[in-house]
Amino acid sequence: MLKVAIVMGSESDMPVAEKAAETLKKFDVEYAVRIISAHRMPNKLRTFALTVSDEGFGVIIAIAGLAAHLPGVIAGMTLLPVIGVPAATGPLSGRDALLSIVQMPPGIPVACVGIGNAGNAALLAVQMLSLAEPALVEKMRAYRLKFGDDAA
Amino acid sequence: MLKVAIVMGSESDMPVAEKAAETLKKFDVEYAVRIISAHRMPNKLRTFALTVSDEGFGVIIAIAGLAAHLPGVIAGMTLLPVIGVPAATGPLSGRDALLSIVQMPPGIPVACVGIGNAGNAALLAVQMLSLAEPALVEKMRAYRLKFGDDAA
Amino acid sequence: MLKVAIVMGSESDMPVAEKAAETLKKFDVEYAVRIISAHRMPNKLRTFALTVSDEGFGVIIAIAGLAAHLPGVIAGMTLLPVIGVPAATGPLSGRDALLSIVQMPPGIPVACVGIGNAGNAALLAVQMLSLAEPALVEKMRAYRLKFGDDAA
Amino acid sequence: MLKVAIVMGSESDMPVAEKAAETLKKFDVEYAVRIISAHRMPNKLRTFALTVSDEGFGVIIAIAGLAAHLPGVIAGMTLLPVIGVPAATGPLSGRDALLSIVQMPPGIPVACVGIGNAGNAALLAVQMLSLAEPALVEKMRAYRLKFGDDAA
Amino acid sequence: MLKVAIVMGSESDMPVAEKAAETLKKFDVEYAVRIISAHRMPNKLRTFALTVSDEGFGVIIAIAGLAAHLPGVIAGMTLLPVIGVPAATGPLSGRDALLSIVQMPPGIPVACVGIGNAGNAALLAVQMLSLAEPALVEKMRAYRLKFGDDAA
Amino acid sequence: MLKVAIVMGSESDMPVAEKAAETLKKFDVEYAVRIISAHRMPNKLRTFALTVSDEGFGVIIAIAGLAAHLPGVIAGMTLLPVIGVPAATGPLSGRDALLSIVQMPPGIPVACVGIGNAGNAALLAVQMLSLAEPALVEKMRAYRLKFGDDAA
Amino acid sequence: MLKVAIVMGSESDMPVAEKAAETLKKFDVEYAVRIISAHRMPNKLRTFALTVSDEGFGVIIAIAGLAAHLPGVIAGMTLLPVIGVPAATGPLSGRDALLSIVQMPPGIPVACVGIGNAGNAALLAVQMLSLAEPALVEKMRAYRLKFGDDAA
Amino acid sequence: MLKVAIVMGSESDMPVAEKAAETLKKFDVEYAVRIISAHRMPNKLRTFALTVSDEGFGVIIAIAGLAAHLPGVIAGMTLLPVIGVPAATGPLSGRDALLSIVQMPPGIPVACVGIGNAGNAALLAVQMLSLAEPALVEKMRAYRLKFGDDAA
């Protein structure tokens, strides 16, 4: 099964990344965690983005705050779907990161989730992987059953 | 191959929906277009959301303006990934729709793209479907080659 | 006399809900408190919304944060008036919830009050019920007299 | 049956007010339209607010733009429920009016609807009046049936 | 010499009001402090506004948070200049109060100062009174000399 | 009687300035109009600010858009009260000018009015001058009578 | 003398770029204009950024709208100073581009100017180049003299 | 080598200024720190701005919060490049300062960096000085190598 890459721009985003990791574990989806700054490590990021598909990853979760370029820059260098998580860093509490991630120009999409909501990013990654892995659909169904809803 | 469902809350969102449709055509991805208001047609929407997976759809693109509940409401009733497109409707030019779509609570993700950017929603849908359809990866590679970039 | 239903999207909204409850008690208006997530419990919410009128409720107060769909989704499935209370949850302090609640599309209204202001939601519910219960008008008059204003 | 008062702060708000009026007509709810500026006509507004209940009105719809004080000022001088409609007037497109209307202090509620959405204000008024007029419930049910939804 | 009236909408605004009072003391300008809610005490406020000029006051400083109607409502009922101070109350940190105070409609001005900046409101009041009291001009000159600037 | 100086940062602000001028004419208050950019003409502005009081002016109305420094810079170089009018120039429609004018630091106040609302700036100037000119109070009373309010 | 590179993310930014070019011409500063999308042409952009210094350029002006990553991405791959110009593209009128450009993380600065203000970007570039070219200081002095200010 | 002047509007901005100072030390760039309020010390500021170039400074870093006029006012009185740092002071967390600094009018640029990001202001100053000091280019290269990126 394809793996999920969790990338963050700064070590301070680790608590956000862990929410994604914990959620992926519940679905037995393999993942790797990387800290790569879009601006301070452009070569490392490029190598990562150009090779991530060949290394067995199917979806990328990119977490970044402030002028959050990380998800968009990765998205421009890979064909894999990229999920962006705006981090609530700094005086604007993630408004800047939200706009920097979601307002991508035509041609290169990023799938943006809520500010700091890396758990949802992981669930979205599982839904994407489910398209090729029917077993994940059943796991997601079981996951949702625990929400305590009535039968449809 | 799985199809893409394009749903919009109001007929006035049709020009946005057409951008998604035109992009999907370039990838020979089948799609269907539906107009279902989350608030004025809750039963129709429920039927849609509960059956869309069984009808051969793999990804849903939901377009809505103002208090844009459509993507989130669908996401709560299907296991398929839902892509939300905020429409630039009304006096706030889509800021309201952006926040209504992207700030989903824990447990039910929506993949939000830029305001009015239904073309990117379609590209994201293709990337998701690509996880199960290697042929789409090649089509996406070809699509990007037309951007005129240098070789890596 | 008709009762007031207080619904919230998450247990973390309980302190807000209690402000509504305490205010309703001052007017001897009966109420019930329910926790139903619009996204994680769509069936439970649907059952609630479709039956709430028959169970003797006359007004619904719905409290939600982030992409606060709860009030609007209920409003689409009942003919009762729905009062929405944006909760100041998350990094945007309720701005997202405010817009998600107040910017409803044509056809299905929600009566929005201030961020976190569930006490006012309860007062508004009492005013609505007063239209059918003249005794409540007198109670509201007495309530306001305690504000210490001069005679008109 | 109780009537609905539609008040606006300036003659320029008349097109918004007409949306409320047209909607009320569909429900055969009587209404009166008044132009009273909260700031330029404080005495007229006071007389209006202090007598509106005795003149057979049950709900007030107040439309205002900019620093939209009209709904809140009326609400402080009557026990009737007041619905506020922010007008999209001026360079801020109604954001100022929205906050001036919705963020009322504890004790005096205003029921705010979306920017410019006077049609929804009228529907909300009908819902309020329905609590004392069962015939209006049936009219609202019929109104909604025209939305073309499936049966529940 | 004319006095300055400091009015606030809620006792919780007292720390802000004290900054105005302390500044006025430095200029030996007499002042009175009043707590009158625009919404909960409309009659008291009306009496205040209609009589304040006759009681020897020349300028009014009105402090309010949230949907801060206090300065504007007073301004509509007196010919004296009214200075509005937005209080940083509630989840929006005074943005709502700022817009509710500054965006007054044509015909009735309010002089708005910065959020929470009641000290500047007092200085502005002194400048206004200076137009009739040359002695205050000299006191203001002396006050500014303490800022430690170079000679012009 | 003291005169009013109307200063603007750019010739494009002239239509806004004219609204102030027209209003002042109604009160027979003398005024002068000047175009002085705070940034492009710092010496001219300094000379203006240091001499304006000696030339018989009592109040300054300063109009500026974008990073609207004009009112604040003048306020730091004169003891006269300065009224700032944010111009709705540029892509932010005056939000930038509003904050640049109203959020002055402690010690140097500016009296801010609504975006583009130079008419209110003129009325505020008249109110200020009224403190030393009782005849202006009567003119303001007459001006307001034309609003068509009832007697108090 | 070092040249200035003007880069934009999309051909639609050309009118903005021309304002920079026209201003540079007034100072006889050589420049080159390039259209390179940060996301659609990452390799072209990389080649550009890695070689621009060696090709005789001293300052880079990068213009971009929406999630405006162009200036920041270039800044991470060159040691030259990068000036970012947010373009007023799309429904948010450049607010998104402003935050995406100005809120750069620690370590990699971008010099941001006002939305759409490419003329100022050019002037800033000239000021930077002036540090090594005293002749440009004199040209800037002459340029400013034309503003019509008084002598200091 | 030219020095860098670090100016702040208030002593409370000192912690921000120190981040700039510490960064400049790493590059052995000389600097001086000054506290001069744009509004409370206009003469001191004028003297500073008119002489700073002659005293061997090549770049100015100006830090200010609220209606942050300091960078723009200096920029109008010197030909040196001015870098503005919005301080996250007050209830708006620096949004006001950001707009007051970045939205300068045509003719007088300010190079704005992120809110509170004085470290980046210092790096930008070093990049500017590098245009005349090749040794600084090498120091910047070494500084960036410590970010731990791969070779290009």
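Letters A, B, C, D, E, F, G and H mark the chains in the order given here, with residues in each chain numbered from 1 onward.
Keep in mind that, in the parts below, contacts are C-beta pairs under 8 Å (C-beta built on N, C-alpha and C of every residue); 3 or more make two chains touch, one makes a residue touch a chain.
Since the model is a prediction, treat every value here as computed from it, not as a measurement.
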Chain pair showing more contacts of the two, G-H and E-H: G-H
CA centroid of chain B to CA centroid of chain H, Å: 45
Averaged-CA centre spacing for the pair chain G and chain A, given as whole angstrom: 32
Euclidean distance of C-alpha centroids - chain D vs chain G, Å: 50
Touching two or more other chains - residues of chain C: 37, 40, 42, 66-67, 77, 90, 92-93, 95, 102-105, 107-108, 114-115, 144, 147, 152
Interchain contacts, given as pairs of chains that touch: A-B, A-C, A-G, A-H, B-C, B-D, B-G, C-D, C-E, D-E, D-F, E-F, E-H, F-G, F-H, G-H
In the complex with chain F, residue positions of chain D that touch it: 37, 40-44, 47, 66-67, 90-92
Complex contacts: residues of chain C adjacent to chain D: 2, 50, 58-59, 77, 79-81, 83, 98, 102-115, 117, 119-121, 123-124, 127-132, 137, 140-141, 144, 147, 152
Of all residues in chain A, those that touch chain C in their complex: 88, 93-95, 114-116, 144, 147-152
Footprint of chain H on chain F - complex, ascending: 9-10, 37-40, 42, 46, 65-67, 69, 72-73, 75-77, 90, 92, 95-96, 99-105, 107-108
